[in-house]
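There's a structure below that I have some questions on.
We call the chains A, B, C and D, going by the order they appear; numbering starts again at 1 in every chain.
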């Protein structure tokens, strides 16, 4: 297996990839951006790509949501959650915060640590870099001159950097969710706590179209745990919905809801059933259990066996 | 085939039975009441029973609704509509309305023609009989003494009675619907304009239980054309619903709705899919067509073929 | 106050009327049938009528349901529940069951006690009477000759009849619900456990019309506790629904649901808000409380106060 | 009136602002970013801010969606649509495309014109600038050295730049929607074709919470024309919905839906009722008209006037 991910090495996406047991001992190829990572998978130069899909503060990652909703089909086979936390890495000759005259990092990371920086290293100039990892590598590349970098704990650890402060982010507990994407293929067996992701284009503009979609879930007791709208690009007011539900296509209630959705929304896209990274409520009413579905289907099957030709 | 029906001979129920081509040349056994007719079928002494189920003025026929909802399973294989109209039959020596001193009929028929009678034969005394046919037969039985009878056109015709006036009912156009009931067996092939009847006990008292049932129809675009509530007899507020929908169990949208109903209402009873006597709107949205169902099931089947063991 | 009721005296309807404190010391006029009782109220010769509306075994009383749904407006101001139980009253010279050669009662009562009669007085001939009270009165009228009567405990007590057996009904625990009906006028203040009754004609035949009505209740958290369909008499498949909900028009969620219903069903008929005879679940979600409504209305009122002319 | 907008001058946001008649002759102060523009309004240094809210290709503008959903209350008083189209402006000494060695613009604009550039000026180096206006101004600032700039027609016109090509964007017809935001105050009178915007936090995680919100619209026939989810920032899976509906709070069906929403979602935020920039379907069912609401309220008012104290 060859893995790719939103690079460079040492960012949170690589941290997410390292949560996949098989990926630790495999080839891991960074990609320049989300589309590039997914293209490697589509073209077969990589077998799987880890990309961010949702951040608890920033929201859905539009690039990823759009890239997997369109183009050649892809499949999600697992997800990973990474808590976003930053460290202040410094050159070996820096011993205290007041010695720092410049700090390099990506603009996003700077935005997330600015409060801490203004309070603790007000004298330091901000040097923007193309990634947090790039800022960190600058401390040891012999070319850059900044005194410090704001980066992920992973890159600091991998590169053996001197860490002066940890958890310097202004908002604690931000989490990013990543998905591991392959070409369509075998669907992971259900674990009992699974998610299913679908893309639902809203082809009709009439009132109630979204309701009609949601009812397909409601009548089978299938719980939505994420719904996001994205423009289709075909004009103002044309959307698709990216939806995660609790459960697995191997479960009858999910399969039946997908059958219903295919009727009202024939251009839907199935993006996978896969183990949920965090516990979901797995309470299913008796009348939505596989057993209830099996009995119902068997009963109707019995009726239809009596049909006159 | 032996047919039974709510007797006696010459009533509207026999008129309904005579609409069944096969019944005209077959043995037709009148029964004393609806339960007796259905019992003959259950016990095998008759093959099919014609009984009234609904009147456009009086509403559902409770006895029939209850009798087919409970006890040993039965099946509806066809329905018939009979326009309820009455004639005034008289003894041969009666030539004009003012000669009539007494008129015999069943209380129900009297109620439906009373306006006419008060306006046209105010001098006539009303003699109640056990059926309209009994009143008619009294004109020729040599025992009774009434001058006239209010009865169905059928009995007047069959017995060669003298008819002085037709269509004497106060409300024109009343229609009674009858059903032909057999033991469970082959289900008639779909004709394109069919009905399906189910009995749905509302086992749970919680709010929204009826809504949950109706949604199973709505999400498949299945149109209700009759819904009636009846007490289960298990206590105040415990009901079952007798429901007719457009369509046939051979159609996917109906089969799928039945599957959903079996889950939320496992004690439901299927009473048959059969040709509708009067034209129903047979417009089905493309996304609820058999083709849409087939494509949806095939698509989900494709997904599930990729499941890892 | 003059009270009327479905007579004759001594039947279960009078028992229901006697549950009304004010009725015990007031004039009580029996009526020949339900329509006659309601007519007395409409014409002002009585102030209130007690009539049966629902039986836990037989279902809704169609005559009453129809009579209050049509014609000049009426109002329900209270309801009463009566447990249906029968006694065997006998002539004073009868000491044991085997002495009874004939038993008089109404056909309905006979149907409900037939199992007991066949097991305990198989030798007795059944004499049909126009009411259970008539059968009972026959024991002391000096004209009739039957030995026994099946009647309500009330008439036996009122007439001082000799009672040989009590609770001879085949199904124990059957309950009939009665309503006290007046001309439209003051609505009883809410007690906390109230019911509201409405008549909802289904004017449109299109799919989903019933759903649309029910949703008006669901979105305000208003619980249905009875729904019955009745034909309007305007043709097969034309119905009105008679509906009881938990709560009182004085409560905002009920008033708001009625407002919504009036829009989708402008010909609806309000039949009253009145104390429930038996405990109803009175749990109302916080967001459907009067307080939540008041806050919501006040908020929207604030917005609208900013409207530019 | 002092107007602010997402600057700098000459971008599409200023083009949107110039659609507002009053803004043409008023002071227009560019702001560095969306938050800065809204802050000027909140603090009173500007009276109104024009900011982008939605792009037909890129989707909702997250910064704006979040900024108006949180913090001190604001109000939308109008919207404007601007078709996004780019021109190629050049120095006066450039006469043909093959003379262009470098072209400056903002990265977003470059992305939208890259196909054209690669086909028509493949030799030209891309010089990133902080805005399209900055690239355009560079042609005449005496400091920059690039030969051409990709910019809006507005800035080219305002600065009298030489335009070599128009409509060079790869996707024709992209539209951006802008909103004009003030402090809460008078609500514009209804025009007949209006929109209402609300922010609906989904406070409860339970299944059906989104359905419950949507039903508040559906039962009043209020049509959704935009729904977008955004994270609240309080943790993965916590969203608010930004929703536009057809209609004005001055209309009863909208006011009634808002009343219902306030109950199920008390922390909702009303962002304004204002004229729609593009024609919306304004078909309202008779039973959702102001007249139907007025009649319904008057009817219920009549009932409640009969309440006993």
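Assume a contact is a pair of C-beta atoms (placed from the backbone, for glycine too) under 8 Å apart; a residue touches a chain by one contact, two chains touch by 3 or more.
In this text, all values refer to a predicted model and were calculated from it rather than measured experimentally.
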>> Quick check: more C-beta contact pairs at C-D or at B-C?
In response: C-D
> Roughly how many whole angstrom separate the Cα centroids of chain C and chain D?
Replying inline: 59
>> Centroid of chain B to centroid of chain C, CA atoms only: how many Å?
In response: 28
> Which residues of chain B are in contact with two or more other chains?
Replying inline: 215, 218
>> According to the definition already given, which pairs of chains are in contact?
In response: A-B, A-D, B-C, C-D
>> Under the definition above, what is the set of chain D residues touching chain A in their complex?
In response: 54-60, 62, 81, 171, 173, 175, 177, 207-208, 210-211, 214-215, 218, 221, 223-231, 233, 235-239, 278
> In their shared complex, at which residues does chain A touch chain B?
Replying inline: 184-189, 212, 215-216, 218-220, 249-250, 255-256, 258-264, 266, 270, 287-288, 292-293, 295-297, 299-300, 303-304, 306-309
